[in-house]
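Here it is, the structure, as structure tokens.
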Amino acid sequence: MFCESSKELAHFVSEARAFTNQGKVADYIPALGKANPHDLSIAIKYPDGRYVSAGDVKKKFTLQSISKVISLALVLSDHGPDYVFDKVGMEPTGDPFNSIAKLENMVPAKPLNPMINAGALVVTHMIEGKSVDARFQRLLAFIHDLTNDYTIDYCEQTAQSEYETADLNRALSYFLKQHGQIDEPVEHLIQLYTKQCAIEMNCLQLARIAMVFAQDGKDHETGKQIISKDIARICKTFMVTCGMYNASGEFAIKIGIPAKSGVSGGIMGAVPGKFGIGIFGPALDDKGNSIAGLKLLELLSKNYSLSMF
Amino acid sequence: MFCESSKELAHFVSEARAFTNQGKVADYIPALGKANPHDLSIAIKYPDGRYVSAGDVKKKFTLQSISKVISLALVLSDHGPDYVFDKVGMEPTGDPFNSIAKLENMVPAKPLNPMINAGALVVTHMIEGKSVDARFQRLLAFIHDLTNDYTIDYCEQTAQSEYETADLNRALSYFLKQHGQIDEPVEHLIQLYTKQCAIEMNCLQLARIAMVFAQDGKDHETGKQIISKDIARICKTFMVTCGMYNASGEFAIKIGIPAKSGVSGGIMGAVPGKFGIGIFGPALDDKGNSIAGLKLLELLSKNYSLSMF
Amino acid sequence: MFCESSKELAHFVSEARAFTNQGKVADYIPALGKANPHDLSIAIKYPDGRYVSAGDVKKKFTLQSISKVISLALVLSDHGPDYVFDKVGMEPTGDPFNSIAKLENMVPAKPLNPMINAGALVVTHMIEGKSVDARFQRLLAFIHDLTNDYTIDYCEQTAQSEYETADLNRALSYFLKQHGQIDEPVEHLIQLYTKQCAIEMNCLQLARIAMVFAQDGKDHETGKQIISKDIARICKTFMVTCGMYNASGEFAIKIGIPAKSGVSGGIMGAVPGKFGIGIFGPALDDKGNSIAGLKLLELLSKNYSLSMF
Amino acid sequence: MFCESSKELAHFVSEARAFTNQGKVADYIPALGKANPHDLSIAIKYPDGRYVSAGDVKKKFTLQSISKVISLALVLSDHGPDYVFDKVGMEPTGDPFNSIAKLENMVPAKPLNPMINAGALVVTHMIEGKSVDARFQRLLAFIHDLTNDYTIDYCEQTAQSEYETADLNRALSYFLKQHGQIDEPVEHLIQLYTKQCAIEMNCLQLARIAMVFAQDGKDHETGKQIISKDIARICKTFMVTCGMYNASGEFAIKIGIPAKSGVSGGIMGAVPGKFGIGIFGPALDDKGNSIAGLKLLELLSKNYSLSMF
């Protein structure tokens, strides 16, 4: 069986926290630069409702790239896989998450997968609604369902900070627009995307979303099938093949849990058929993943044989 | 439960065989060009010794890129993961399997993973022995263990044909040698590598190898632990993230079985904890995977819920 | 001696015009798509004031990429070569003129030369003035000096058409901004750049600008040194190494005249120490150069030994 | 007028020699690593037979990449431009001289120009003869004509040293062979190419070759037209657009003389219609050009207005 007590978990957190010294918080988005690099918290959510957790679990963080999995689940639900994968690919890439070079060499300019920025922008572009605000509310409502928590919102300050510094995402968007992959005003898309990235929660709430993915899209507490089994499966597959930036392959080998990280230091891990994990540890390694969060998952995976391979 | 009767399997083979018309056999290696594009055979091997099969299962084919997983398992057993992954990476790539461009942009020139040619050449370079022949015999002995069949050998004609046309692999090897990743004569490495690719078996034998990977490295029939659990896990992970050339991501999403294909039309599939699959269907799609073999696996995965995600 | 009579020139125009059938007018900028593909006109301007010309020389066209040489001359005059070449390189590139990939692989993200779009945007960014309009008027005044014609203006309709479809230039600009190479609002830069590209003249006027470059920056008719000798030399060098898009090398070999083309079908050629050439022929080859214009220059270069090599 | 006395030249050499401290000799070819970094010599050859020179002008060095221009002139003479440029392009490239990545992205895999290694290998491949030795003797005979010196030979030790370390050129050659651009055994080509690069002379002899190019292919002393005017022109054009590695553009702007450098520290400069320059200064800058040689040419170009632009 897996970790049953928060005390056990606290032990692993303590071991992993030592690694925060070797990482540093993201600073290219000013609002993220204020995080305390030594923070580390984790929550595990079981389908029966129990939580096991350790660290300062009430501390909030923004989702950043973790939101890419959630927006993907939403647009797959709305449009179906055929429509979505006509516009964004399914293949991992060895290039950086924010690379534009690969796009230029592809004909048509179709982003390789929805976990790199170019692909995520195309996905967010597909969120339906009459206005940026309506589309954002739609995404937020989906997250309220996933967390069963209707208080979750975005951090205005972070969204604003990202909006002001999102020139690389603007470059990607205009490139995609030039090639007909996006047909809305770029500023609208950037507004929506930066709000999406700035959605804020704590690791308990993130663990609950992860649990839904782990349980084939169903929330066993409420009995609701929030995402179809098929879509939950697709999302978990992307989390394995390209969820951890350019360390996805290594993560799959060493840890073997479908997971998605963000530059805020969050990691969402979905152990198929078992439970959901939410982690927050803002000190990042050079690939952009939470350095202590990775260590923590490695300890858990080794001790409880969590690798799906 | 899974497919119990060969009759059931024959039905799927018949449905998938229709797709052979849309593919074509590899012709860049002359010896492969002689295959019958309408061939399609499959064997499933259970840990208890049973086989279920369909098609002309005695037909032999060469392993080609499937051998990359086996040589990887061998060198991991000999040298350990730390040594091996110091020389070859763990990350999937969106570039073609035979690309040299990516190598040039990396410092050091470390192949991204062992499933692309550059990485596989580095892996084969690590097979120990006093001569090319001794090293090849070592690899063959390992395959004899995996198949429990001591008659398996390589096809001299195919090896020769590949040796004569291996200029791209020579280019990769000299590039790697220039950067210190290879320190043996390139012609030796190419001899060893082309023999490795030309190892010949039928789908029953391939299914038995797959079964060992599926069963965490253990052959339950003989009771032997042929590969460590850890190494079996690593191999299966690579099969998921980069086993099916540039369709690996799509394969993971649609089918979700750790698998490795070769340009001969072979596919080895290892369903974790369950059984091994060997397929032969030489008509290839434009990515280099057996077109009917993919269809067959898709039918099986859908009908028996085989996706691990 | 060179071509003295317009009659002689008309003969060459007639021969070259046959090639217009093999080209087509640019259509990615809607306003350019309306040109008559069979137009072909040429003017040669001697330092003593004489013109030799052929074709419908009063027909106006927009400068497009030809303007890159002129804006370069202006910013070099204002800031000096050291300042300018700190921000944009001097090296030719084998990549397309609108490529973004190369930028990504350079540290820092410094455009390779001022003739590709990324470099030209950085150059236009350096045009001084308190507002977009003031900066544009400054460039226009410079062109008035070069042509000794104070009626020249830009085509509002073309500028508008380009502004609306300039998403690739926006992508390049945001990429450059992200890397600190541009620090003004991108929309301002795009407004200025699209107006610059839409400056309109006929081949007589263009020939006069070319004559100034050919005569080391001096207008012998008015006696004014409009550009320093050093800057005229720098501009002619770029015209040789990268003035004709990805056919610059071939052009240098076959024709050997410092020249700059635009997608409107204009070509400005400066024969060092001799005379200036202005050509308009909107049917383009697949590299983006006037197909009949190239032919015409080839005929002239061969017949009058104009190659500088 | 230009520099008439060796004394005047010695003054410039002395000024330029100070820069040798900032460069270093090539060491990737062991035989080159033994050069004295402070060496600097120059010879200028006039068509009337006079030499002006300074430094230790009898010191020999190997041609290395300078030989690319000479082999190009030979194969152009043998096969004509159409044949040659069907196999190798005319365009400069921003990529390194030994890059393989660009080849991979081109269809067909045609090297961009004959001054990068891939292109030079294709050119050397075109040197005719029944054996490697016969082909090499043919090239040597051509050089004997150009220098009017029948004692010139290659340095066996350097050729051997380069042959043993030519793995990158082997990689390029096998890549080209794979794509049908080369159809001889790669080892033959590498033998011929390394001998070509190891042809040895002093700066007086190099200046005489340069003089022939400067004088439209004619040796005015002997009265022989060694190369056609057309081919001499083509060669000089390549020297301008891509003769100085990735500093060709900057060299054209700052110095403006058709020139070709080699990693031995040699530079051949051909001032059109005037004279030939041979320089030897083995300390290189980070682009692979003689650091003091560049400085020397810059001093001469500025003082005597040698830029052709």
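Labels for the chains are A, B, C and D, by order of writing; each one numbers its residues from 1.
In the analysis below, contacts are C-beta pairs under 8 Å (C-beta built on N, C-alpha and C of every residue); 3 or more make two chains touch, one makes a residue touch a chain.
Just so it is clear, the model here is predicted, and its values are computed rather than measured.
The fewest steps needed to get from chain A to chain D, moving only between touching chains, is 2.
Each chain gets a centre from the mean of its Cα atoms; the one farthest from the centre of chain B is C.
Chain A and chain B have Cα centroids lying 32 Å from one another.
Rounded to whole angstrom units, the spacing between the C-alpha centres of chain B and chain D is 48. Centroid to centroid, with C-alpha atoms defining each point, chain B and chain C lie 55 Å apart. In chain D, the residues touching two or more other chains are 105.
Interface note: chains touch in the pairs A-B, A-C, B-D, C-D. Residues 99-101, 104-105, 167-168, 170-175, 177-178, 186 of chain A are the ones that touch chain C when the two sit in their complex. Interface residues of chain A, counted against chain B in their complex, comprise 89-95, 102, 112-113, 233-234, 236-238, 240-242, 246-250, 252-253, 256, 258, 272, 307-309.
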